[in-house]
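First chain written, first letter: the chains are A, B, C and D, and each begins at residue 1.
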Amino acid sequence: MSATTTSEAKGFQPRIVAFVCNWCTYTGADLAGTSRLQMASIVRIIRLPCTGRIDPLFIIKAFERGADGVIVSGCHPADCHYTAGNYHARRRFAVAREIFDFMGIDPRRITFSWVSASEGGKWAEVVNDTTARVRELGPFTAYREMAARTA
Amino acid sequence: MNLYQPFLMRVDEIIDETVDTRTLKLSFQDPKVAEKFEFKAGQFGEYSVFGAGECTFCIASAPTRKGYIECSFKLVGRVTKAMRDLNVGDTMGFRGPYGNSFPLEQMYGKSLVFIAGGIGLAPVRCVIWNALDLRDKFKDVTIIYGARSVGDLVYKRELEEWSKRADVKLWQTVDPGGETKDWKGQIGFVPTIVEKAAPAAKDCYAVICGPPVMIKFTMPVLEKLGFGKDQIYTTLENRMKCGIGKCGRCNCGPVYVCKDGPVFTAREIAALPNDF
Amino acid sequence: MKALQELARKLLEDKTVSVVIGYEEGPHGVRPAFITKPDQADRLIFDPRCVHNLATFLSPRRSHLVTLGKKAVVVKGCDARAVAGLVRETQIKREDVVVIGVRCGGVTGDPMGDGKLTEKNVAPRCAVCDVREPKLADHLVGELPPAPPTPKGPDMVAKLDAMTPEERWAFWQKELERCVRCHACREVCPMCFCERCIADKSMPQWIESSAHPRANLSWQMTRVLHMAGRCVGCGECVRACPANIPLGLILKKVAAVVEERYGYRVSDDPSVPAPIGTYRLDDKQEFIL
Amino acid sequence: MSAKTLTQADLTSLVSDILAADKRVVAPSLVGIGPLEHIEYRPLHKAEDMVLDRGLPKRSIKEMFFPPTEVVFRWKQKKSDVAIDEIPTTFQQTVVIGALPCDAAAPGIVDRVMNWDYRDELWNGRREATTIVAMACDGGDKSCFCTAVGLGPESSKGADLLLTPVKAGYHVDVLTPKGEELVSKYSKRFGEAKSADEAKKYQEAARKKVEGNLSFDAPKMRAWLEGNFENEYWRTIALRCHGCGTCATMCPTCHCFDIVDENEGVLAGERRRNWDTCQTGKFTLHGSGHNPRHDQNARFRQRVTHKFAIYPGKFGEILCTGCGRCQRQCPGGMDLLEILGDIARMAGGAA
């Protein structure tokens, strides 16, 4: 382990949940792993058939359960295994993102990306970027405290 | 401990009745509660799986069998799914017993006919075993039980046991088309079988439970056979949540089924508005 | 008014429809009316107290109304968009409903008030109205009244946009903590037509049914997102809310986002596709890495 | 019982005193933003937040005794074992100030259902911890009908103290031992009663204002409801009803609830009781798909029948205080006053 990661481990380790599509990003993430690329190891990956299956509600649920950041990633436009799932998702997330922002959820906590099966390097970048950004924002205590209030 | 807090129960045994029906045998985890716990045939409880919620079921075992209770349920929703996921040794919650009961003492010295359809045998089974454990207090005991198909018959081991007993007359039936090649019982709907199998109405009580349509068509048959409205008992299955007359859900006309029922005579049922 | 009554009478007399859904004067102000006999048609009225969106009653979910048979419905321009929405999303067939459009000069938020439109009581949606004459209508009645007064007061959406995320968070937490999860907002909404709402599903349970802060936020955000490109801005949810939560602000925001990104304004033309549920290859994706 | 006087300034000081003693004070106060600003009964942070001159709060006082959601116990799981964490049934001492008579009377009516045979400790715990200082109403608006259900704008039912606005502030009727206790504890705030006559006049004027809105013969109405479940009248009763349940949410006496489980992570959670209403289809829906109340007409019939026949039959009181919220705030324009008037006419008991 390098010196930087050790010192980081002592500080705040953000909890990040990644919702990824089965066909591109998941395979890309796999490639990043098998290629032994350097990246933050704190991302929990949840694999879904397609970005079209990823409901903005998933992101809300992740925050409810204590996530500090969320990554949503799938196939590049025109590469969707189901032809148009990612195009539909793109519209939905564009709106969701602005509404999250409007409700006071900092959009910098949520990363959207297209990562293909061959882009192991890009996946590592997305993970590292998101981790760094969320680390800077600090733990999402506002949401956690709100979620813990019982009445 | 408030009213809505359940007793903790241990799952002692799991018995699969049909593909989607299962019986759980439960015992109280606190020996003090186990010792004090008593109930009467026909009463029900709120069974719960922690994290899934509560569901209302009758107590399917007989009050004469101490130390445990049984619950038979069909897979329909979130709670029953969670109940199916339990293993022997797991913990469940139980609140009860609630509601009124079948007036067995009043039936002493008389004949009994039990009529049930599908999973409706569960509450009736409780009374059957209660009566059979006090067999010398009753005259003839007849059981008429029907299900959609042979596969849908619940409590198969007990049906077998009752069919072998000389002091019980058991009629089993399945809907036309629901029989198997080696089916030895009747074929036909419950009301039809009741017409030929029911004992004389004099000095006899009928206990009936099953799907609403079965009850609807069986009642007139019993009346034709001379059963008075006070000789027929049934148990209502309204949706309930609290079980103790608070939450308002089971309210039907002047009664709260959970507290004024669930056991009613045919006369009482006839007086209720058509809201169940 | 006379024209409206005449039309309703005729539609009922020649059995074109079996019920006309309009407005009547009740014992305590204006309310929806269900006219089934020609001789009741003179009960129908239209004035600035007619705030209700009657398109809601066309929803196939309302089983006690489905049995009434073919309906004619009185709509303002804004309500016509809800009829179009129901047709667009195949909840009703256009030919199964007779749309009676009324020319509208704005409505007040209060059906029990005196009906005089002022800057204070004019319904928020009237300020941005561009459909005072419904286009979807099979029949159009009434004279076009003068335009409604413009409400004064700060533009709350702009005010919220100018805040920091933390301030917005605090604002919504304070407002949403009052939510009692009665789901009245959903029940009165003409566009909430799901046979089974995700908030009622328990396997799996995505949205908890209790009225605590996390479930309240989860519920309201989900409803708003489901309303993207659907909400017709009628404000019935705000009127129904027993906690006076400013649901209109979020819905207004989502409508603005949809318009800005996809050039879609909620339309009374059923053939215009809904923006969510369709896509363009060149949709903006500046937020995607 | 005795009478006192309280000036406006003393009332404010009284609230400050009670707050300083670590008790909770609940009173009408302003909430919401812009045109949606309204009053609700809320726990006060400071005495100045109390707003007593804006009439009836949007929602009733019931949520102070029966919150929209409340935890009934928590649980933790460890392997096959479950441990239950009990919820205390004693609550912070609370003084409700400025409850209008239609709200003050409601908890006493709901007490009946919460205590037949099984005593609901959560309800009773809050009831016992609460002192209600009611305030006589000025007669409200056209939707009020408290006098029709045996109450009135000056009714002291359910109140420990009753304030009546007078020129000097408030005339105070001390009605119960709980009320006595409050007065004696903060005796320096209360003065000698001087305005009994003025208060009486205020109350009489208020009553006159309400009385014309509705009146009916309750026993006759009950008899009609009991005998006319299948009456044609119900077939189209709820055409304009959306089934939103706002009537029940607002209602001071509607008390139906649901019991649900919620998870905190994977091996812990809580069971809660949440408000529910007979106006939704889900309320009575069986697992089998059978629904006894299959449409909105049947559901609305249940609401009316339960309030004016079933509850009186079982518990001896009408489950309604005539606050009029269900009519005033119904987004569909359902009108309980009109319905009750219709039934009273059919029952032959219209006055």
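Methods note: a residue touches a chain if its C-beta (ideal position, glycine included) is under 8 Å from a C-beta of that chain, and two chains touch if they have at least 3 such contacts.
Predicted model, so just to flag it, every value in this text is computed and none were measured.
K.L.:
Counting hops between chains that touch, how far apart are chain A and chain B?
P.N.:
So the least number of steps between the two chains is 2.
K.L.:
If you tally the C-beta contacts, which comes out ahead, A-D or C-D?
P.N.:
More C-beta contacts join the chains of C-D.
K.L.:
Which chain has its Cα centroid closest to the overall Cα centroid?
P.N.:
Per-chain C-alpha centroids compared to the overall one single out D.
K.L.:
Take the average of all CA coordinates in chain B, do the same for chain C, and state the distance between these two points in whole angstrom.
P.N.:
48
K.L.:
Indicate the whole-number Å distance between the mean C-alpha point of chain C and the mean C-alpha point of chain D.
P.N.:
Taking the average C-alpha coordinate of chain C and of chain D, the gap between them is 31 Å.
K.L.:
Averaged over CA atoms, how far is the centre of chain B from the centre of chain D? Could you give it in whole Å?
P.N.:
39
K.L.:
Indicate the residues of chain C shared as contacts by at least two other chains.
P.N.:
In chain C, 212 touch at least two other chains.
K.L.:
Can you tell me which residues of chain D touch two or more of the remaining chains?
P.N.:
Within chain D, the residues that touch at least two other chains are 69, 258, 260.
K.L.:
Please output the residue numbers of chain A that touch at least 2 other chains, ranges allowed.
P.N.:
150-151 - these are the residues of chain A that touch more than one other chain.
K.L.:
What are all the touching pairs of chains?
P.N.:
Pairs of chains that touch one another: A-C, A-D, B-C, B-D, C-D.
K.L.:
Which of the residues in chain C come into contact with chain B in the complex?
P.N.:
On the chain C side, the touching residues are 202-203, 205.
K.L.:
For chain A, which residues count as touching chain C in their complex?
P.N.:
Residues 56-57, 60-61, 64, 77-78, 84, 87-88, 90-107, 111-114, 122, 126, 129, 142, 146-147, 149-151.
K.L.:
Which positions of chain C touch chain A when the two form their complex?
P.N.:
Those residues of chain C that touch chain A are 160-161, 165-173, 198, 206-207, 212-214, 217-218, 221-222, 224-225, 228, 250, 253-254, 257-258, 261-262, 275-279, 281, 283-285, 287-289.
K.L.:
Using the touch definition up top, name the residues of chain C that touch chain D in the complex.
P.N.:
These residues of chain C touch chain D: 26-34, 52, 56-57, 62-65, 68, 109, 111-112, 120, 124, 153-154, 156, 175, 178, 180-184, 187-188, 200, 208-212, 236, 238-240, 242-246.
K.L.:
Which chain A residues qualify as touching chain D in the complex?
P.N.:
Per the touch definition, chain A meets chain D at residues 65, 150-151.
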